[in-house]
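One chain, chain A, links the two complexes that follow: it is found with chain B in the first and with chain C in the second.
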Partner chain A sequence: MDYRNTLTTCTYCGCGCNFFLESLDGKLTGTIPCKTSPVNEGKLCIKGWNVHQFVQSERRLKQPLLRKNGELTEVSWEEALAFTASKLKEIKEANGSDAIGFFASAKVTNEENYLMQKFARAAIGTNNVDHCARL
Partner chain B sequence: MIDRVKEKINELLSEGSVKGVVALVTANGHVAPCLFQKGDDLDTLCLGDTEKSGDARYPLNRVLCTIARQYPDDVFGVLVRGCDERGLYGLYRLNQLEPDKVVPIGIPCPESLAQACECKKPYPDDIVAGEKFEGISQQGVEDMDNKDLSTRFSFWMDQFSKCVKCYGCRNICPMCFCRECSLECEDLVSKGDLPVDIPVFHLTRAMHMADRCIDCGLCEEACPSDIPLRLLYKKTAEIMNTEFGFTSGINKNEKSPLSLMGPAPEK
Partner chain C sequence: MAGLAAAFGSGAMTNAVSELELSDTIFIIGSNTATSHPLVATRIFRAIENGGKVIVADPRKNQIADFAELYIQHNLGTDVALLNGMMRVILDKNLQDDTFIAENTEAFQAFKDALDDFSVEEASQITGVSVADIETLATLYAEAGSASIVYCMGITQHTTGVDNVKSLANLAMLTGNIGKLGSGVNPLRGQNNVQGACDMGALPNVYTGYQPVTLGPANKKFAQAWGVDELPSNIGLTLPEMLSGIEKDEVKALWIMGENPVVSDPDANHVVKALEKVELLIVQDIFLTPTAKLADVVLPGTSFAEKDGTFANTERRVTRVRKAVDPVGDSKPDWEIIQDISNRFGFEMTYTSPQEIFDEIASLTPSYAGISYDRLEGPGLQWPCPTKEHPGTPFLHKDGKFTRGKGLFHAIGHKPPNEVVDDEYPFWMTTGRVYAHYHTGTMTRNSESLDFEVREGFLEMNPADAKTLDVCDGSQVKMASRRGEILTKIMITERVSPGLVFMPFHFEEANVNKLTNPAFDPIAKIPEFKVCAVKLEKA
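Let's look at the complex of A and B:
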C-alpha cells in the first residue's frame, strides 16, 4: 500500500500554483492544492484542479507524430527533428527568415522559453515570437 | 496533545489493529495529508496548525475514502476534529465508509478556531487528547438574517458573480463524492462557459449539501474568489434544523429526512 502526496508546481500557466499530486499504488488519484504555499494559499483554477488527468490520459502524446501520406504516424525524435530542421532551412532559403514564426508556451519552463526565442532570433533570424495564449 | 496523538497512533499501528492511519505530515516545509503505516517515523506528524490553529487542515476523510475504496477489507485510523467526525457519521450513513473499518483519532479545537469557524461542536465525541471547548452560536447567519431581502439578494448575487467556476468548492469537499455531479449536468450548468450560471450553480450546490455539509469550511478556504460559501451552507443547515430537527453528522445513526418518504418526522 503506497499512498503519497507529491508536492509539485502546476504546468498550466505562469502563476506557478503549488499542489500535491495524490497517488495510490503508483496511480494518480487527484490534485490537492497546497495550503501552505504562499503562491496560491490552497486555491487553484479549474486547470490546476484537473492536472492529474492528463498525465495518465489515453490521449496523451508520447512520441512525435509526422504526417505521412496524409496520416499522422509515430516517429522517433531523430526523424522528427531532422524533418523539422530540413523544412525550416528550406523555408528560410526560399522565403526568408520572416516567413517563419515561433509560439512559446506556458506549459514549459522560463529557461525553455528563453532558449526558444534565442533559437528564433539567433539561428533563424526572425523576431516573430509570440505566445500560445494568442493562438 | 500531539504527543498523546502520536502515542495512540503508534499503539494502533504496532498492535496491528489498523493497517494505516490517515493524518497530516510536515514535509518540505509544507503540511500534507499522509498515510502512516507500521514502522513509519511519526516525528513529522502534525495536526494542521501553522501560523494559526487549524489553518492547514485537509479533507482527510476524502483521502480515507480514496484508500478504503481500494482496500475495502482493511481497517484504517483517521485523525479527526469535530467536523471530521461529523463527516464520518455522514459518510457511514451514505454508505461511503464502513464504521467497523474506521478508527477515529479525535482531537478538540481550541477556542480561537471554534470562534473563527463559528462552530457548533468544535470537538469529536471520542477525544484522544486535549481540552474541549464548547460550541459557538451562528452569529454570521443571524447578522445576515437581520438584513432586508433586497440587501441580502444583491449581496449574494454580487458574491456569486465573482465565481471563476473552478469547482474547487466541490473538489475539496469531504462530503462530495457523487460520480455524476449535478454541477456538471448541462441542463443546470452550461459547459465551458463563463460567467457561471448565477445563482443556479451555487444554489444547486447548497441544496445538495443540505443534509451532508458538516460545516468544515474547507470549501470557503479553497475558493479563489473569497465567496462566503460557508455562510450560505450554514444557513441551509439551519433551515434543515428548523424544519426537520436534523443536523448533519451530529447523531451517529440518524437518517437524513431527505432520504425518507412520507410525512415530515417529529421535530
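Let's look at the complex of A and C:
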C-alpha cells in the first residue's frame, strides 16, 4: 500500500490556497488543507475541498488526437508532434512569423507559460502571445 | 492592470491578502468576493470581527453585500460616475490627504479641475444612487485610518475598464490610502495563475517581469540568452486581435494551451467561426472542451496534480506545484509537449525538469531573481524578490514611494457602456460566477460533488420583471442580444434590480457568451462582458 500526501497549490482561483493531495496506490482520494499556509491557514472553499475529483476523471484526454477525414482520431505522440511541427514550419515559411498566434494560459505553470512565449518569440519569431488575463 | 500601471507604475495587487484583516474600512466594488475568492473573503470577515467596516458597491447584490455597513446598488456601467461623485464629496468636505498628495503624487490640479463641473447630484442621477448614500460611502472610505479597495472583473470587464481602475487609483491617492499596511488598491486576479502568466511574459508586449519587447536592452538580453540573432520588436496581437486576424486572413495558425475561448470569450458564435476558419488549430488541454473539438490536432496535457512547477497567486506570491500522481493515460506535462514540438521544429530545448526552466526565468527576470525552488519550500515568496537574501515584498509602494516615482492622477469623465438598452433590447444583462463552479466548468463540471451542487445554467431575474413576463421560478425563457440567443431557466431573486438580469458563464449548453458584447477597452483590450442589452420572452 502506497499512501502519500503531496503539498501543492490550488488550480482554481487566484487565492492560491495550499493543501495536501492524498493518494493511495496512485489514485487521488482526497484534499487536506494546509494549516501552515499563510494564504488559507487550514481552510478551503467547496471547490478546493473537491479539487482531487476531476483529475482522474474518465473523461480526461489520454491520447493525442489528429483530424483525419474530418474526424478527430487517436494517434501516437510521434505522429501528433511531427504533424504539428511540420505544419508550423510550413505556415511560417509560406505566411511569415506573424501568421502564427499563441494563447498561453492562466491555468498552467509559470514554467510552461515561459516556455510557450520563448518558443513563440525565439523559434517562430512572433510576439503574438496572449492569454485570458482579460477574461 | 494597465490602469494601475499608469497610476502607480505596477499593475499588481498592492497589499498581501492577510493585510485586509487590518483594514479599518474595506471598499469592495465589482468583486463577488465570497463566491469567486472565498479565502480572500475570509480575511474580510475577520476584518469585520476586528471592528472594521465593509462597504460594497455592485449592480448585483452579491453575498458579501449582506455583511456590509453600506451596500450601494448602482446602475450597470456607471462606476466612474459613482467614484467621481465620492471624490466630489471628499473634496467638498475637505477630507483629502493634502500632505500625501503634495509629497507623493503629480497631476492633482488637472484631476481636480476636471471634477469642478461635476456635482454629486449629477453622480446620483447617472448611478441611480441617492446623494445621501454617495456621501456616506465617501465619508466611510475617507475617514478610515486605513482603507483598502478590493475590486475584480466587475470593474475591468468594461469598455471603460481602464478608466474605472484609474478612478480607483485616484480615490486611493486622494485620501493617502496606499503604500501602508492594510491600505491599498487590490485587484483580485480571477485565475489561479493569471498573475504568473503575466509575470512570465505571456503577453504581446513584454517578456518576463514586464520587460518590453520593443528595441532596447531587454530585447538584446533575451536574444542573447535564447541564442538567436534577433527577436521581433513589434508588439504582438492580443487574443481578440488574433481572432479577428484569422478573419482577415492574416493569422493562419493558432496554438491554444489550456484555454477554452469558445465558452470564455464574448460573442461565442463569432469565435467558433474564426476557429473553424484558421488553417491550423492546435489545442492542448486536459479535457475535450468545445474549443478542442474544433482542433486539427489535440495534445493531451496534464493537470496541476500530475506535474511540478510554480504558480503566482493574486498577491504576487510564488508557490510550488508538486506532482502527486502519474499523468493519466498517455498525457504529458505541458512543458514537455512544448519542448518536444520545439525540438522537432528545429529550435533546441533540453530541459530535464521545471526547476531548470525556473532557474532560467530567475536569471532573466529582476523581480524573480532571488527566487529558487529551494527557497519555495516554505510559504512561498512575494515578488519583487531581487536577491537570494531578499525576504520578498508583501506590499508595494511603501511610504508613498511609487514604483513609477510619483503616483499619477488622471482626469476621467463618465462614459456610457458600448451597448445600452433600447425598445428592442430593453434589459441590461451582466455575467459572473457561481460558488460551485469555475470559469468554463471544464474542471468543476467534471467533479462529481461540484456538478451535483449546480447542474445547469440559470438567469437571475427580479420578481417585478418575472411578473411582467408572466414567468415563474424555473420557467424557460428565450434570451437574445444583437449577437445570438439562448434558452435558459430563470431564478427569481431580488439580488438583481428590475430591468437587470444576471447569468453565470460556466455552462456551455446555455452559453451566455453567445450574447455578450465583444467591444473592448481601447487600452486594456478587455471585452465588455459585464454589460450588454438583451430581450427576453417566455419560451
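Throughout what follows, the second predicted complex is superposed on the first by the 105 of 135 C-alpha atoms of A that agree within 3 Å, B and C clash if a C-alpha of one lies under 4 Å from a C-alpha of the other, contacts with A are read in each partner's own complex, and residues count from 1 in each chain.
The rule we apply is simple: a contact is a pair of C-beta atoms (placed from the backbone, for glycine too) under 8 Å apart; a residue touches a chain by one contact, two chains touch by 3 or more.
On a predicted model such as this, the values are computed, not experimentally measured, just so you know.
Engineer: Touch test for A:K35: chain B only (first), chain C only (second), both, or neither?
Structural biologist: Touch partner of A:K35: chain B, not chain C.
Engineer: Once the structures are superposed on A, label A:A85 by its partner contacts, choosing first (chain B), second (chain C), both or neither.
Structural biologist: Once the two structures are laid over each other on A, A:A85 reaches chain C alone.
Engineer: Have a look and say if chain B or chain C is in touch with more residues of chain A.
Structural biologist: Partner with more touched residues of chain A: C.
Engineer: Does the superposition put A:L7 against chain B (first), chain C (second), both, or neither?
Structural biologist: Touch status of A:L7: both partners.
Engineer: Which partner does A:A123 reach: the first (chain B), the second (chain C), both, or neither?
Structural biologist: Touch status of A:A123: second partner only.
Engineer: Can A:L24 be said to touch chain B (first), chain C (second), both, or neither?
Structural biologist: In the superposition, A:L24 contacts chain B only.
Engineer: Counting only touches as set out at the top, which of chain B and chain C does A:F54 meet: first, second, both, neither?
Structural biologist: A:F54 sits against chain C, while chain B stays out of touch.
Engineer: If you stack the two complexes on chain A, which partner ends up touching A:K43: first (chain B), second (chain C), both, or neither?
Structural biologist: both
Engineer: Which chain A residues are contacted by chain C in one complex and by chain B in the other?
Structural biologist: Shared contact residues on chain A (touching chain B in one complex, chain C in the other): 7, 18, 36-37, 40, 43-46, 49.
Engineer: Looking at the complex, which residues from chain A come into contact with chain B?
Structural biologist: Chain A reaches chain B through residues 1, 3, 5, 7, 18, 20, 22, 24-25, 29-37, 40, 42-46, 49.
Engineer: Can you list the residues on chain B that touch chain A in the complex?
Structural biologist: 19-20, 27-35, 37, 50, 55-58, 63, 66-67, 70-71, 74, 164-168, 171-172, 221-224
Engineer: For the complex, which residues does chain A have touching chain C?
Structural biologist: My answer: residues 4, 6-18, 21, 23, 26-28, 36-40, 43-47, 49-57, 59-67, 72, 77, 80-89, 91, 94-95, 97-119, 121-123, 125-135.
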